[in-house]
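Chain nomenclature is as follows: A, B and C, assigned in order of appearance, with residue numbering initiated at 1 for each chain independently.
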Amino acid sequence: MKPVLSVSQLTMDFGGLRAIDHIDLEVRAGEIVALIGPNGAGKTTFFNCITGIYTPTGGDMLLAAPGEGGPVRLNGLKPNKVTENGMARTFQNIRLFPNMTVLENVMIGRHCRLHSGIPGAIFRPPANRREEKQIVEDSYRMLEKIGLTGYVNEFAKNLPYGAQRRLEIARALATEPFILLLDEPAAGMNAQETKELDELIVRIREQEKVSILLIEHDMKLVMSLSDRIYVVDYGKRIAEGAPEAIKNDPAVIKAYLGEDIDA
Amino acid sequence: MDYFLELFLGGLTRGSIYALIALGYTMVYGIIELINFAHGEIYMIGAFTGLIVISVLTLLGWNTVAIIIIAALVAMVYSAAYGYTIEKIAYKPLRGSQRLSALISAIGMSLFLQNYVLLAQTSNFLPFPNLIPEFGIVKPIEHIVRSTEIVIYIAAALVMVGLTVLIKFTRMGKAMRAVAQDRDMAMLVGVDVNRVISFTFVIGSSIAALGGVLVASHIGQVNYYVGFIAGIKAFVAAVLGGIGSMPGAVLGSLVLGWTESFFTGYISSDYEDVFAFVFLVLILIFRPAGILGRSQTDKV
Amino acid sequence: MMTFQEIKKSFLAAIWFMFLTFPIMVIKVNTIEKTIEWHWWRMAAVGLGAFGLSFLWRYLIRRKEAGKRKAEVGGEDKQTLVQRLLSNPRFYLPGLIATAVMVVAFPFVFSLYQTNIMITALIYVVVGLGLNIVVGLAGLLDLGYVAFYAVGAYSYALLNVHFGVSFWMALPIGAALAFLFGILLGFPVLRLRGDYLAIVTLGFGEIIRLVLENWNEFSFGPSGIANIPKPGLFGIDLNLQQSTTFIYFLMIALALMTIFVVRRLQDSRIGRAWIALREDEVACQAMGIDKTRTKLSAFALGATWAGMGGVVFAAKTTFINPTSFTIWESIIILCVVVLGGMGSIVGVIIGAMILILLPEYLRAFSEYRMLIFGVILVLMMVFRPGGIISDVRRTYKFEGLGNKTENKSQ
């Protein structure tokens, strides 16, 4: 399988602090890959670098749509360009548009796939009307898939926590990505909600044909979902492999149990 | 050479004045990330209060040195009280809401205070007596620098030293730094955030009032509108130096003061006020973190 | 409840404000005659006022906090009376007809003076709706908005003086120039964070005003430009009464057009992008929206309306000079938007009517106009940041879409 995302030697410095230290990572088409590590290991920073929110100090990031032409180099692209190229994300601390309705939140996700501009908005030619109708229908379908139709006209801020997390996923999927980055999708969820999320993520992979890279602390979820796992600590990659291998990797156990041997 | 020296010292005076106002801006911004638009008005109220005290005491026939000291102190106390009250009314209820809201509230406060003084006092310029005596030692260089200006330099320097000591070495200073770093965390470790914010407003406002009294006696007049332009320029200085940083505010003020002074002295005085704005626009576009500020990445 | 505690709090507030306002309010210095006037009655007024208002203040703060708690547990958002009336077709249609009749009859029923005031109010409606795009929808605090108003006014005045360009030619030219200026100014500054943007736009506004004041050869300096012709109507000679009525209807048409355009923009792909940008810049960008372009479109489009307003303003007053374009003009327009309700069209119209008409009719109160504007800005932000009429988002119904035809109404 060819990789849809390949990151090599990614490095990010904040002042004198090296938050990410030469990390290599690869996600292949249709894979679910987890990125784990103790708090402050640099996982979210990694996401921010590859999605264009931060500009990394060094390294290369390539994104390649499955089955299509050559890869796109992500270095220096703005976040919106990254999304346009097919990589969408959610945020660790939910970042919805609180005073927009649930449907409108998803409709924003459709933005980059459509074109009508200001004249179109004012004069509303037939093409524009069709497009507008299509946005609404597509967005509603997306809500159906994620199971949020009950809230369609509610303000996003009035949703229960778990539903807000799912709405973030719906919004990201609306941009038609082929790779989806989830930043702690299960944070703050109870056992039942986490179980549903597990099923949802598997279903998304099948139905939407996306690869998934996720950061997560819930080890049960990570172990059951992932095809492969990367472990980072202090900005460095300390292990990579299948869940079973990772579980028994001494370096990983050390990082998680915090045995201070060579720090 | 004399002309150059005159412009240099004039720039130093301007810079010291901007610094006295800019410090308040930068302190408040450092702690609650708000451009306190009403800060210029606090400075103006300080100047007005000073003028009122001076007038009353002059009629009572007091000694001039005593008058100027008392006027400055009373102005500082009153401006501090205004700063404290403004924070409680217009900013505190807005903590936690959008930054745009607090900013609009600050603009409203600024507009209110200007018109409050306009209506209660007058729209005319009032002459402000210069009570600072001409010192004997400055006699030989009188044509270049007046003793009022020397008092301004000294006051600005003392304030800077005092603030540095306050921030670096006192408990309150430590608490202020903690709140500026991370308000929630500071609250968790037991810092009384409300008190720290109030204290910041009180200190910033009283420094502005000191500036107000000194400037008014230097320029010789006040009206209700003097705070606005001075406030904007001081803000420019604070941004120039790196907002949130106190040495930055002072440095930015001096740079702005000198640039203005040399510009108007050697080139043209028509566009004196435009200059500060052009400066502001250029800094914000090319180096938004300012001279001493560190560029910060928004937390995601 | 008027408990002892409450009275004590108010009493202390009264004492505090009496102390606070003492020098400024009570002592008035006459520096010419070297005398001092004492206005002790003002102190009593402040004390009584503070005593009473502090009860009200605490009551409102408590209510606001209670409202916040309720919203947290997921209570539905309250709709105001006006909103309910507007959404009820039984009131909506007759209301609309009554308004239309009033609007048409106005210049024939009321005096020239009143029609003129109404024109001013309508200009504020138009520029307010323009600023609403920038501040209300896109969340960009533009304090230099009046600069674009000046661009419009001066482009008509100068083009007329030098080239005899007519009002009708100047209207699109003024709008286009303002749009261009919006892009030129917006391009460098829109990368800045919210509060910096406010201060930089304020700076730009002042730069333009100071240039108009100082560059005599170009703008005729502080003395301004006089004898700007009023708009013509197919070359027919209009007397003062007629031409005022004509400008009035012109403004009504312009206002209607603005409402139409803003309404359509609000519910379009671009409009949603503006709102998303206001709500969360980072998330908005991560969803594939080009931040700079979106901001620029809002900024420039808002400027266009200011430009049109400026052209009409110049034509209406027939005289302009830089003093009409101070920062405070920007703040009055901002006040219109804030009072009415950021993002809401009806709100902005109501805001403009209240803020422009009230001070005109309550002459005694006009001296306190700016003071009250300041109070309004603060109080609205503290107690009703959404304005009189807060923005309502469109709801969609899904009949015959998939198998779920849900129309959730709570």
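We take it that a residue touches a chain if its C-beta (ideal position, glycine included) is under 8 Å from a C-beta of that chain, and two chains touch if they have at least 3 such contacts.
On a predicted model such as this, the values are computed, not experimentally measured, just so you know.
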Chain ID, smallest distance between chain and overall C-alpha centroids: C
Distance-maximising chain from chain A - centres being C-alpha averages: B
Euclidean distance of C-alpha centroids - chain A vs chain B, Å: 47
Computed distance of Cα centres, chain C from chain B, in Å: 30
Gap in Å, rounded to a whole number, between the CA centres of chain C and chain A: 40
Numbers and ranges of chain C residues touching at least 2 other chains: 282
Multi-chain contact residues (two or more partners), chain A: 53, 91
Residues of chain B engaged with two or more neighbouring chains: 300
Chain A - residues contacting chain C, complex: 51, 53, 78-80, 83-84, 88-89, 91, 95-101, 103-104, 107-109, 111-114, 116-118, 120-122, 124, 131-132, 135-137, 140-141, 144, 149-155, 158, 160, 171-172, 175
Residue numbers on chain C that touch chain A, as the complex places them: 71, 74, 77, 261, 264-265, 268-273, 275-276, 279-280, 282-291, 297, 301, 391, 393-396, 398, 401-402, 404, 406, 408-410
Interface residues, chain C side, partner chain B - complex: 16, 19-21, 23-25, 27-29, 31, 34, 36, 42, 61, 64, 135, 139, 141, 143, 188-189, 191-196, 198-200, 202-204, 206-207, 210-211, 214, 282, 328, 331, 334, 338, 367-368, 370-371, 373-378, 380-382, 385
Contacting residues of chain B [partner chain C, same complex]: 33-35, 45, 48-49, 51-53, 55-56, 59, 74, 78, 81-82, 85, 89-90, 93-94, 97-105, 107-117, 119-122, 126-127, 232, 235-236, 239, 270-271, 273-274, 276-278, 280-281, 284-285, 288, 298, 300
